[in-house]
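Supplied in structure tokens, the structure appears directly below.
We just call them A, B, C and D in the order they show up, numbering each chain from 1.
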Amino acid sequence: MNQKINQHIAYLMKEKGVNLIISQAKDSNGFVIPHFILSENDIISSVIAINEMRNFFAYLNKQEIKSFKSIGIVCNYFGVKTFFQLKFENQLKDLELFLLIPTDDDFIEITSEKQAEDYLSGLKQSTILVDEELENVKKMSMEERWNYWMKTLELCTKCYACRAACPMCYCSSCTTECNIPQWIPVPASLHGIFEWHVMRAMHLAGRCTECDECVKVCPANIPLNILNKGLHNKISEAFSSDDSSIKYALNFFQPDEKVDFIK
Amino acid sequence: MLNKQIHYSNQQLQSWVDGLIYKGKTVIGPVKKNGVTCFSEIKNFNELILNERTVYSAKEVVLPKYDILFKFAKEKDKVFISKNENSLNNVIVIGLRPCDNEGFDYLRLFFKSDPDILQKLNTFISVTIACEKKFDGCFCEELGIDKNYSNKTDVLIKTSENGYDIYFNDRGNEILSPQASDVKPAEIKKPVPNVSIDNKVAYLKKLSEQYNSEKWKIVSMGCLGCGSCAFVCPTCTCFDVQDEGNTQNGQRLICWDACGMGLFTKHASGHNPRPSQVERRRHRIMHKFVYTQDTEGKISCVGCGRCIAACPAHLNIYNQALQILQ
Amino acid sequence: MEDFEPKLAAFVCNWCTYAGADLTGTSRMKYPSNVRILRFPCTGRIDFMLVMKAFDSGVDGLIVSGCHPNDCHYTSGNFHAQRRWVVFKEVLDIMGFDTRRIFFTWVSAAEGAKWAKVVTDAVEELKKLGPYSEFKKILLKKLQFPLDNKTADREIKTEPVIS
Amino acid sequence: MSRIGVFICHCGENIASTVDCESVAKSASEIPGVSFSIDYKYMCSDPGQSKIKNAIIEHKLNGVVVAACSPRMHEPTFRKACAEAGLNPYLCEMANIREHCSWVHPKGEETTFKAFEILRMLVEKVKRNTKLLPIKVPVTKTAIVLGGGVAGIQAALDIANAGHKVLMIEKDPSIGGHMAMLSETFPTLDCSQCILTPRMVEVAQHPNITLYNYAELESLDGFIGNFKARIRLKAKSVDPKICTACGVCWSKCPVKKIPDEFNTGLSKRTAIYVPFPQAVPNKPVIDRTQCTYFVKNGKCGVCKKLCPASAIDFETKDEIIEVNAGAVVVATGFEIKHTDFFPEYGYGRYKDVIDGLQFERLASASGPTLGEIKRPSDGKVPETIVFIACAGSRDKAKGIEYCSKICCMYTAKHAMLYKHKFHEGKAYVFYIDIRANGKNYDEFVRRTIEEDDVNYIRGRVSRIYESNGKLIVKGVDTLLNAQPVEIEADMVVLATAIVANADSESVAQKLHIGYDKHHFLSEAHPKLRPVETNTGGIFLAGACQAPKDIPESVSQGSAAASKVTILFSNDELTREPQVAFVNRTFPPQYSSCTGCLLCIPVCPYKAIEKEEIKNRNGEVVKTVAYVNGGLCQGCGTCVAFCRNKSIDIQGFTNEQMFTEVMALNF
């Protein structure tokens, strides 16, 4: 990371009692990987473009990482969004977090929900997300869409990397692990894969931060962000009347709400 | 023993593969699906992707991600069982890499007492392509695997000037059915004792001395607990047995499982002897480099580097092992 | 397709649609016998996973019905369900699942005639659409009777169940 | 191992005429886990129930499916039968093969097959049923009575006399409500205060009743048997313990021109005041919105200087107390529409157009005129009075479609009282219908018309206007071919509509109970549960539910009291166990709930709360959701909402519903 951040990391570790920094680095193959800084000796400088950066908040769901208590995490816009959403969902309890967002040759530090909210509102994006692949899929006929997904999902091995890397998938035991009843069929047959991805999309609907980490880690290259973005758009479209203080569209409703397809 | 040798031009290679398909052989090879290179049945030579390492290893041919062991159905007071037969007769797997072959070799050792899988492993005919270059994250040579040669295959394809040198054994002979005049005897490469590799293997075994090392915690930090490393690995064999169905009918399946996942070792009681990623990661590294030395007599990592590419954190299993030993 | 009889399930809430279907019965109205009614306490209880499971168990179509908005016995269960269905339908739509086969309706306890119409219309629509073979294709095939000698290689006689 | 018993009812011919019950019973016996299967003509009859009971004992059944009518009809019957045979009643399920099958399909194989399939699904479900034990909730044997009108007084006295503690909350300085304002009561014409004040005193003196006058309910949490209420005790500025009610303060208070609410504005009161001489408790309070000391920042203070007991303290503040209670009786009463609601009658501009309540004060012996009927404008005794019934009521255009119920009677009473006091006077009553349906009510109205010579005109008044000091009342007499009628009156009394309290909506929301479109509080069932609300432990009494006369309010007060005492007759309360719960497991997981707490807003009953799981050292190890079984009504919305299935609902568990769905097995 840039020099200013590195200096600050050193400061945090020395003065603030931060004992773990989850930074980012590039490995020899050019992959962006997490870089764990446990002492000042681990600090390295690396150059990663802000949009190339990944969202490593999923690590904060790990008990071993949580036990560090005071953690710095280098992230970009999506990290802040994740932080905000996780706070809203009563996660990240007992953790003292320092979000470090690199800018051109400086950085922004965020430690509280308030700061995160200010940062995010400063970068207000359009509520409808545009994605080429999503547009393409939406243009297809129902049969084409079904075939498209069946072809894409065929390669899924249910390694659950999408789940593991997703910062919002923090459940200590996932529904897939529930075997009485066996909600999601265990075999990675098309049927089991289909149900898993429907469920994943449903559970993330309204909560997803669109960091696309699930797509980045998928060995089978499944464009899960089509589903995520599609649902995001649907929610902003259908429930746009909600005021901005409502952070989760699905546990809320407007009085006298009507839906046209329910006759 | 790849005791014979023949030279094919590009054209000849293609017509040979297309000929096999035409003859009704099931030819499986690396193809691109949804931007991902993986082994799948091909219908024509041009589908083959021969200059890339597949994302998923070739073990899928023998151990698919899920397989039906048998189906059962109940009628009145009788239960019927129908066993699933899927032999690999007539199957040719083309485009294997030497590491894949090492993987199959390990699987043969591992499944020595499972006649069904062993039979599958020994039935299909393997056609290997020697690697000219290293792929991202490959470290097979570090483990003493010759990326340019494999004597555990039926056919070996090596690029040469204006075409390919093809080495084959008797089984390979069957599918190549070459003109006798074209065939030359091949120089048989015998495994050369390699002291440095033996030393390395012995060195890796010292990992067991580091079982309680604090470094495992650091090594496992990046591990998120998904199953991608195990699912792409050519030598990962763990599976889960599942019954699907209802009181009337259903099937018993074996499905891939991965030691990185939290549920893998969880007991019915709720106790989990590997409660965190530290123990799970340690188990994986120890299994690949230490435990199978005791059980099968060799390390089970073949250095293909697929897990490094597939891992969300791109953890390098070999480097981590060395890091522990440092 | 002439003699295709669609298989239809209905997830209904106990207080409105179940009672409405009871009323259809007490008023002796007729509707096709293709439908199987499952009772839930409230539409809010109807998990989208159970909707998936209905298709797993081989239905060609599904009716999901409960109290009209503002009539929920539990005051707001159906409003939450409503939002859930908006999102769920979008997931299925994006994935190319045939959402024409899921019939979302509100039927109150007094609408016995509406229930009969909902079922009749659903069956008619499903007859037009035919069996949902696209989805059934991805299910693992079951062993079906009658078995021939080839498919069943072993036959086990079970003992009568002893407790 | 499942040993399910299957019982197929013919329901006479109702099922058997289209479903081949015998063959269903036969195929059912082949379902795995079914160990007994029988069909019978009437399963719900005594012999039918005995068959079930005998089979449970004989075959050691651990599950029962009765394929018969709708469970909404006979589920309790069969569950009770099972319980009598020693089987947990929740192991009994009903397959609806009558309303959902035999009645809606023609006779045929299809219908029989459907009956069998419905049965099979329920058999699969019942295999996953578990024994459920009724939930026991402790009961705090204290009742809150909200409102000190006649209904509240009756309820409070009845509960207190049954030996339970009562906390009465009255927003005004005195209890008594509207009834204390009335002059005489129909149909017996006994004096309202004479019959009410002894009751009011009894409330004040009853050892079991704690009276919080000048107080309001802030919030109510908890559930039946275990409510927690926060009560705001408004600052009275007078210490009632010291005050002797000598009267010096209110006689010397310089602020004397406040319209007296008790006398409906017909007289004035002071800023420190006792609302009426018979008030209970008979201690003054300072109306801080009017008192000079408070309005003008500490100027004045005359009362404090003069008070011989030094009971006045300007510094007292609103106090909020927290109390526990097991039940709440809501008796918040009603309001009436005032004359300014009626444009056709002059928007309340004419001083001599008054409402019924004002007439009550005029006719009351303790009223501003000491019982003489005098015009508010000039104090003259009116020679002609026009009474207009249904002023606003039964008028869709005014948004009040309902009948206010008591106006016919009190209008007759008013006319009669007027005629008794001023024999020469002329009284006219405009009415639409006369509704006098109570004991001695019609006789009373007849007496008014026949003996007291009150002129009843069937028709509506279209307009009132002033002319030469007279009120010209223009109306029609529909019994005389809609002939226009014009009466020169000295006073007009409008029997204005009874409406819900202005704060009725917010009270309902505080109590988590329902209200109708006119903001009257909703009863649980209009016929069978008239004093209960949809929220357990909260009961209604009096006109907060709908317009009511005194006897009705009193009987409803007693009814609510009896509901409360029934509730208090047990130390523990038994509830249906079909409630949601958050799973618990062993450490280190404790529960699969991750504590996202997004389910909290989903619950319509606020039954979900945050719970901290602590280890033996008292350290918080996990924060999870917790479903309060006392509040949960079993809708299951949270169950479907929970992402990782940490919440489940008894009786409709995930496992049961999953199995039932998979048993569709097409």
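What we mean here is this: a contact is a pair of C-beta atoms (placed from the backbone, for glycine too) under 8 Å apart; a residue touches a chain by one contact, two chains touch by 3 or more.
The model shown is predicted, which means the values in this text are computed figures rather than measured ones.
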Selected interface, A-B versus A-D, where C-beta contact pairs are more numerous: A-B
Chain separated most widely from subunit B, comparing mean CA positions: D
Centroid distance [mean C-alpha coordinates] between subunit D and subunit A, Å: 49
Inter-chain centre distance, subunit A versus subunit B - centres from mean C-alpha coordinates, in Å: 32
CA centroid of subunit A to CA centroid of subunit C, Å: 34
Length of the line joining the C-alpha centres of subunit B and subunit D, rounded to whole Å: 73
Multi-partner residues of subunit B (each touching 2 or more other chains): 74, 244, 253
Sites on subunit C at which at least two other chains make contact: 48, 53, 56, 76, 80, 84, 140
Interface hub residues of subunit D, defined as touching at least two other chains: 32-33, 589, 602, 641, 654, 658, 662-663, 665
Contacting residues of subunit A [partner subunit B, same complex]: 27, 29, 31, 33-34, 36, 38, 58-59, 62-65, 151-152, 154-155, 157-161, 163-165, 177, 182, 185-189, 192, 213, 216-217, 219-222
Subunit A to subunit D touching residues, read off their complex: 89-91, 93, 170-175, 178, 180-181, 183, 203, 248, 250-252
Sites on subunit A touched by subunit C in the complex: 137-138, 140, 142-150, 175, 183, 187, 189-191, 194-195, 197-199, 201-202, 205-206, 226-227, 230-231, 234-235, 238-239, 249-253, 256-259, 261-263
Interfacial residue positions of subunit C with respect to subunit D in the complex: 7, 9, 14, 18-19, 21-26, 28-33, 36-42, 44-48, 50, 53-54, 56-60, 73-77, 80-81, 84, 116, 161, 163
Footprint of subunit C on subunit D - complex, ascending: 1, 3, 32-33, 35, 60, 70-73, 96, 98-101, 103-106, 110-111, 114, 117-118, 121, 514, 578, 602, 604-605, 633-637, 639-641, 649, 651-652, 654, 657-658, 660-666
